[in-house]
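Here the chain labels run A, B, C and D in written order, and each chain numbers its own residues starting at 1.
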Amino acid sequence: MRTEAEPIVALRAIEKSFGPVSVLKGVDFDLRPGEVHALMGENGAGKSTLIRIMSGAHQPNAGTVEIDGRARRLDGPRDAQDRGIAVVHQELLLFPALTVAENIFTGHAPRTPRGTLDWGAMRRDARAILDRLDCPDLDVDETVSKLSVANRQRVEIARALSRNARVLVMDEPTAALAEADVRRLLDVVRSLRAEGVGIVYVSHRMNEIFEIADRVTVLRDGGTIATRPVGEVTEAALVSMMVGRDIDELFPKEDIPIGETVLEVRGLAHAGKVRDVSFAVRAGEILGIAGLVGSGRTELAQTIFGVTPATEGEILIDGRPVTVGSVREAIDRRIAYVPEDRAQHGLVRPQTIRENVSMAILDRLTRRSVVDTSRETALAEDAIRRFAIRARGPGQVVAQLSGGNQQKVVIAKWLATDPRILILDEPTRGVDVGAKTEIHKLMNQLARQGLAIIMISSELPEVLGMSDRILVMNGGRMTAILDRSEATPDTVGTAMMTGHAA
Amino acid sequence: STWTGGDDQPASPLACDATVTAVPPGDYNGGEPTDAPDRNGKPLRVVDIPKLVGVGYFNSTASGIQEAAKELGSMTVTTDGPTRANIDEQITFIDNYITSGVDGILFAANDPVAIAPVLKRALEAGINVVGYDADAEPDARQWFVNQAEPNGVAKSMIDQLASEIGEEGSFAIVTSTFTTPNQARWITEMAAYAEKCHPKLKFLETVEAQEDNILSFNQAQTLINKYGDELKGILGMTSVATPAASEAVQQNNLCGKVAVVGLALPNAMKPYVNNDCVKSTILWSTVDLGYAAGMAMRAVADGTLKPGDTTFKAGRLGDLQIVNQSQILLGAPKVFTKVDINDFDF
Amino acid sequence: MRGPTLSRRLSASGQEILLLAALVALFLVVGWINPRFVSQNNLTSIFVGNAYIAVAAIGMSMVIISGHIDVSVGALIGVLATVSGLLVTGGYPVWLSWLLPVLLGGVVNAGLGVLIAYLKVPSIIATLAMLSILRGGLITVTGGAWISGLPPSFQLAQFRLFDVPSPVWFMIVMTVGFAFVLRSTAFGRAIYAVGGNPEAAEASGIPYKATIVKVFALHGLIAGVSATLFATQLQVIQSTVPNGLELIVITAAVVGGVSILGGVGTVVGSTLAAILFAAIGSSLIFLNVSAYWLRAVQGILILATVLADMARRGRTG
Amino acid sequence: MTLRSLLRHEAILALILALALAVLAIDNERFFTAANLLNQGRLMTEVGLIAVAMTFVIVTGGIDLSVGSILGLCAILIGVFWKTLGLPLPAAIGLSMAVGTLAGFVNGLIITRFRVPPLIATLATLALYRGLAEGISQAQSIRGYPKWFFVLGQGDFLGIPTQLWLLAAVAFAGFFVLRYTAFGRATYAIGNNEQGAAFSGIDVARTKLWIYSASGFVSSLAAVVFVSRVSTTRSDMGSGIELDVITAVVLGGTSIFGGRGLVVGTLLGLCLVQVLKNGLALSGVRGDGTIVIIGAVLIAAVLISNFLGRYSGD
């Protein structure tokens, strides 16, 4: 135990507001060398804002930032970096057109004696850091735009490490990672801790917190609720601290009568990324899809949804073969897809809730191609009520909502299309426990109404908890379909790895 | 490619020798302002709208107009216009000045037809309208001061060229754009005149160079590179192209081997003429052109220049001939040589 | 390690290779039809007469890589050339007449950079306004009079070194120099960073606003050099804004592979593109393409280059 | 909220316009007359027509630099079809407008099929279409159109210049489509997040094709009005008009990055520029001074709305 050590960073009575909105209201937080201090809280509780203050990106309206016991003013990210604070931001801040090596070293690249950039050293050092992160497969000369989300995440972490930071702040680093990658990341965190680095760790995933954190601080509505050693809290206690009420069950799967087969695919393939996938989903059923990052789950979903139309195979709805050549066609066939990348594919964030919710069904809300705004507003108001979206009203811009509430807008948008088949791709990624339970309840409710649901998730407990059956994918192929009764972390995990050699 | 002059008018080449047949002007075909107030002897507020402002050529016509205004004492002239030779913008300028209520409009048209409706509106508003340098349709203005007849320009240019490169030499042309009416007209007339009087001259090609110094230089340079020894002469059709072509010839050390003949302001050509790289430059006095236009404006307003006149007394320029029904002819284009080029400053 | 790196390097500089190939093909084909096209004289003409465009395109490339655009560069070159001419005819020493426009360009465009970075005026609007102001202002101030009577020592662009005209030296040295700056200095990489992702740049400790101001200032300095070449090539200076020069410079930059979205591109590409366009213009005269169709052919060739680039990218990524 | 922040710029612009009108009216009694203002309307019609479509183009995050060249090409074609091919004038006009629309459609194809950024695509067709106009016309002007044709460009209808009716109709159509229809929604959605729009079942390529075709169409319409106004065709017609159009659109508050903008704003921007040109000329400011002032106003308008945008609380 190093509890006696002096904090490297301490935030005292921090307040921060954006215009009239007060986001942080007197937050205290400190970090000691060689500890992992978890920061938890609902979406919009103010975690990222606190981190931006720690990283010098924001200035607090009141309160002090102490580094090594002395009050400091952090004038921008550079200042914070110079004091040994490195941040892995929640929204990955990378340069898509530059190489991995350059991304890692942007802003502090090694120089030759003549003062020019030392490309050789840069590539060597980048390689060394990636090896330390256990990523031998990541090429330092690859441009970042070609990397998968998980690999981009690794680049971002490598960048923070490259600064030899004393303080490493990680804002939801595992949100985009699958179990195996989470393991690898946690190993890195442990070894850094052993080197005496202080780590701030933000995550919505309970199991990670209990596995890695030494202490945990819970924020709610911009205030500190408590800071406790992890050993002194239970999961239930944490949750109730976060949401301010008790949540009885994390994955409340209900037993729902299963109906007729709604969707069936046979031998579906798309351009080498999806190969020969066959399965069926019935009304009222939740089919979970598990797999490693890049196993082709998203591609499969997008093939069914007409984004990347199938190059081979058949899609049958109610037993009748149909073509799905475009998103429009998919919507007409009452298929809905809640994409994994909310900001890119799910929403038009500068526009209002009203405009987003109606976007997929505008043709139904028009009379002679004129949009009926009163019906549209009614639809949005209904969505806000039904999904308990925390917003000022249908006219609020979606970008101003917290992550969880944005996710609810996406779901509302797709349910407005009145689908019979609903595909949810990572529906609770980056969503807090409270909102997560609400989304899970919603899924149950929809299943009860007779929807056939396909849920892709990288969180194994979620897949295991919510699914009636689990389809496991690897390398674009399905390696198993397991019934709820036979699905365990072991069986699913094994299926995720099998065929890996092939 | 054959030249059509940008309009449907036939070419009318002059006689090969120096005989100038005086043609009676014919019946007046210009327009008349409607209900113009009696301006005889009264102060005149006149606006001068050239094709574009900010080029040497129209700066010197403007100074000629100012000279006339100063001499007359009863006329104030503002020069204003578009910064690009653009038919549309010129029209807008004229329109605004009609609204602002001037007594007279002097213009050099970017397009004879396009400018006609707005000039007619000026006449309808009782404004006196006189053109110079580039004409509009006759009934859209009262008089036009013609710096030189196109066939006269063509004759001067081709005769000069033939005298420098011989009757069998090859030449190429650098012009502004194919759509500029004056240049297009002159090239048509040159082709016709050359065919009639210097049939063995060999025309190679015409290149476009906007009104752009460096582009003109580059184009001339390319012509030199392309034709090598075959190229004996370059004709510059604009006051931009001619000095730029001269510069190209000089930088390639081809003085005396490639002749440059063309229209240009004396000032721009002095370096080349003075060091014998170029023998001559052809132009009317642009200052006189503006001066005559200014004088004509006053005379029209006073009623002293009227349909049926066969000459016009233009101050220090003396009597100018009236030709083509409603045009005042400045005279034949002048050929400036080393002998006299240094006596002019414009 | 070496193999893939080399091939990736090649594919990363694909646009340069494409342009170089196009250039070589053009010289071979047209030279075969008319050998005079590839005579030393003509090659020199192509380079010399268009070096100022290639030089200006270097600055433009950096501006576009930083995620912005400048439609006022032609106007700026016109103004600076005039300033240079007025200085030398006003009796100032020749070196000052070369240097001052360069500095002035830097100052003017630094102001533009402040407007864009600190006052958040979108660059296309700020520079559109600047175009208007410079174009009109120049005429208001000078009345558009030509500047002649320039001393021979002023004609920087007519000097030769090792029998190669100075504009060619400027073009080559500045292209190589700025290629080096962009690739191998922290400032160069900062330009890519702010163009590729401004937020991420800030988070990496690269000050976005200061970088943008520096890029514009540098672009202004380079425009000053371009203006000096422009002003000293002939014995008269047209004190007006050359029409459409900004579009030519922008075209050179984007056809040279600079992404209009920012964050991607090199100055070698833009220089090659500037030369390619000059060579195309010249070759059409050599091929006796009717001058009436010249611009149409140019348009088709720009389109072809761009589409070839798209096809290439479609293949590699 | 968006509507409010959108209207803010337009409101400021309207205020500036009103101010300019008042100042210029006091300064010169010839300015604020029906005859002068209507005449200004006549002069700004071509830019206005194209600006309406350009608003759509820029809202999608694109740009169309080729509009001036399409105008030139269509103007030439009216003459060529009518005089050289001997078609009846209405047929020549119709055919030329079809070609203009096709030219816009080709822009759209290059942009959507081959994924060429709009700026580059239309920079290339800017040269191509102008080149076609020059090549086809062989530098010939065509003139001598029948009298009835000039009604459009030089005549009046109910005391108002004929082409202003046309501009009003096109502007209203543009306003209506952008503001009230599903197509307008799609336009904004594409400008804000193209992929998001595609995942919502919006046919991005088709929407863009329509918009670029419309841009070609109104450019050809502007060509007809222009030819009728100036009674002649030349291949250099409309060169440089793209900058005037873009000035009107961005001055009107349409974001050059896409996703934001109103037709009303564009019309305000258009009027402001025209009023300044005219009013300043009447007050004795010369043309070169006027464009300096317009440049300054463009920056000032953005600065003011930036300033108010920042401090009015979001």
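The definition used in the following text is that contacts are C-beta pairs under 8 Å (C-beta built on N, C-alpha and C of every residue); 3 or more make two chains touch, one makes a residue touch a chain.
The shown structure was predicted, so the numbers you read here are calculated from the model rather than taken from an experiment.
K.L.:
Comparing C-D against A-C, which pair counts more contacting C-beta pairs?
P.N.:
Of A-C and C-D, more C-beta pairs in contact link C-D.
K.L.:
In angstrom, rounded to a whole number, how far apart do the mean CA points of subunit A and subunit D lie?
P.N.:
44
K.L.:
Based only on mean CA positions, could you tell me how far subunit A sits from subunit B in angstrom?
P.N.:
Taking the mean C-alpha position of each chain, the two centres sit 73 Å apart.
K.L.:
As a quick test, compute the distance in whole Å between the mean CA positions of subunit C and subunit D.
P.N.:
That pair's centroid distance is 29 Å.
K.L.:
When you check subunit C against every other chain, which residues touch at least two of them?
P.N.:
If we look for residues of subunit C contacting two or more partner chains, we find 135-136, 138-139, 259, 290, 292, 294.
K.L.:
Please output the residue numbers of subunit D that touch at least 2 other chains, ranges allowed.
P.N.:
In subunit D, the residues touching two or more other chains are 134, 137-139, 286-288, 291.
K.L.:
What are the residue numbers in subunit B that touch two or more other chains?
P.N.:
1, 53-54, 83-84, 178
K.L.:
Run through the chains and report each pair that touches.
P.N.:
Here the touching pairs of chains are A-C, A-D, B-C, B-D, C-D.
K.L.:
What residues of subunit D sit close enough to touch subunit C in their complex?
P.N.:
By the definition above, subunit D touches subunit C via 65, 110, 114-117, 119-121, 123-132, 134-135, 137-139, 243, 246-247, 250, 255-257, 286-292, 294-296, 298-299, 302-303, 306.
K.L.:
Tell me, which parts of subunit D touch subunit A in their complex?
P.N.:
1-3, 180-186, 188-189, 192-193, 195-203, 259-260, 313-314
K.L.:
Of all residues in subunit A, which touch subunit C in the complex?
P.N.:
55, 57, 76-78, 81, 87, 89, 93-98, 102, 106-109, 111, 115-117, 119, 139, 141-143, 145-146, 159
K.L.:
What residues of subunit C sit close enough to touch subunit B in their complex?
P.N.:
Checking each residue of subunit C against subunit B gives 34, 36-37, 39, 41-42, 45, 49-50, 52, 135-136, 138-139, 142-146, 148, 158, 230, 233-243, 278, 281-282, 285-286, 288, 290-292, 294.
K.L.:
How about subunit A: which of its residues touch subunit D in the complex?
P.N.:
19-20, 307, 326-328, 330-331, 337, 339, 344-352, 355, 358-360, 362-363, 365-366, 369-371, 395-397, 413
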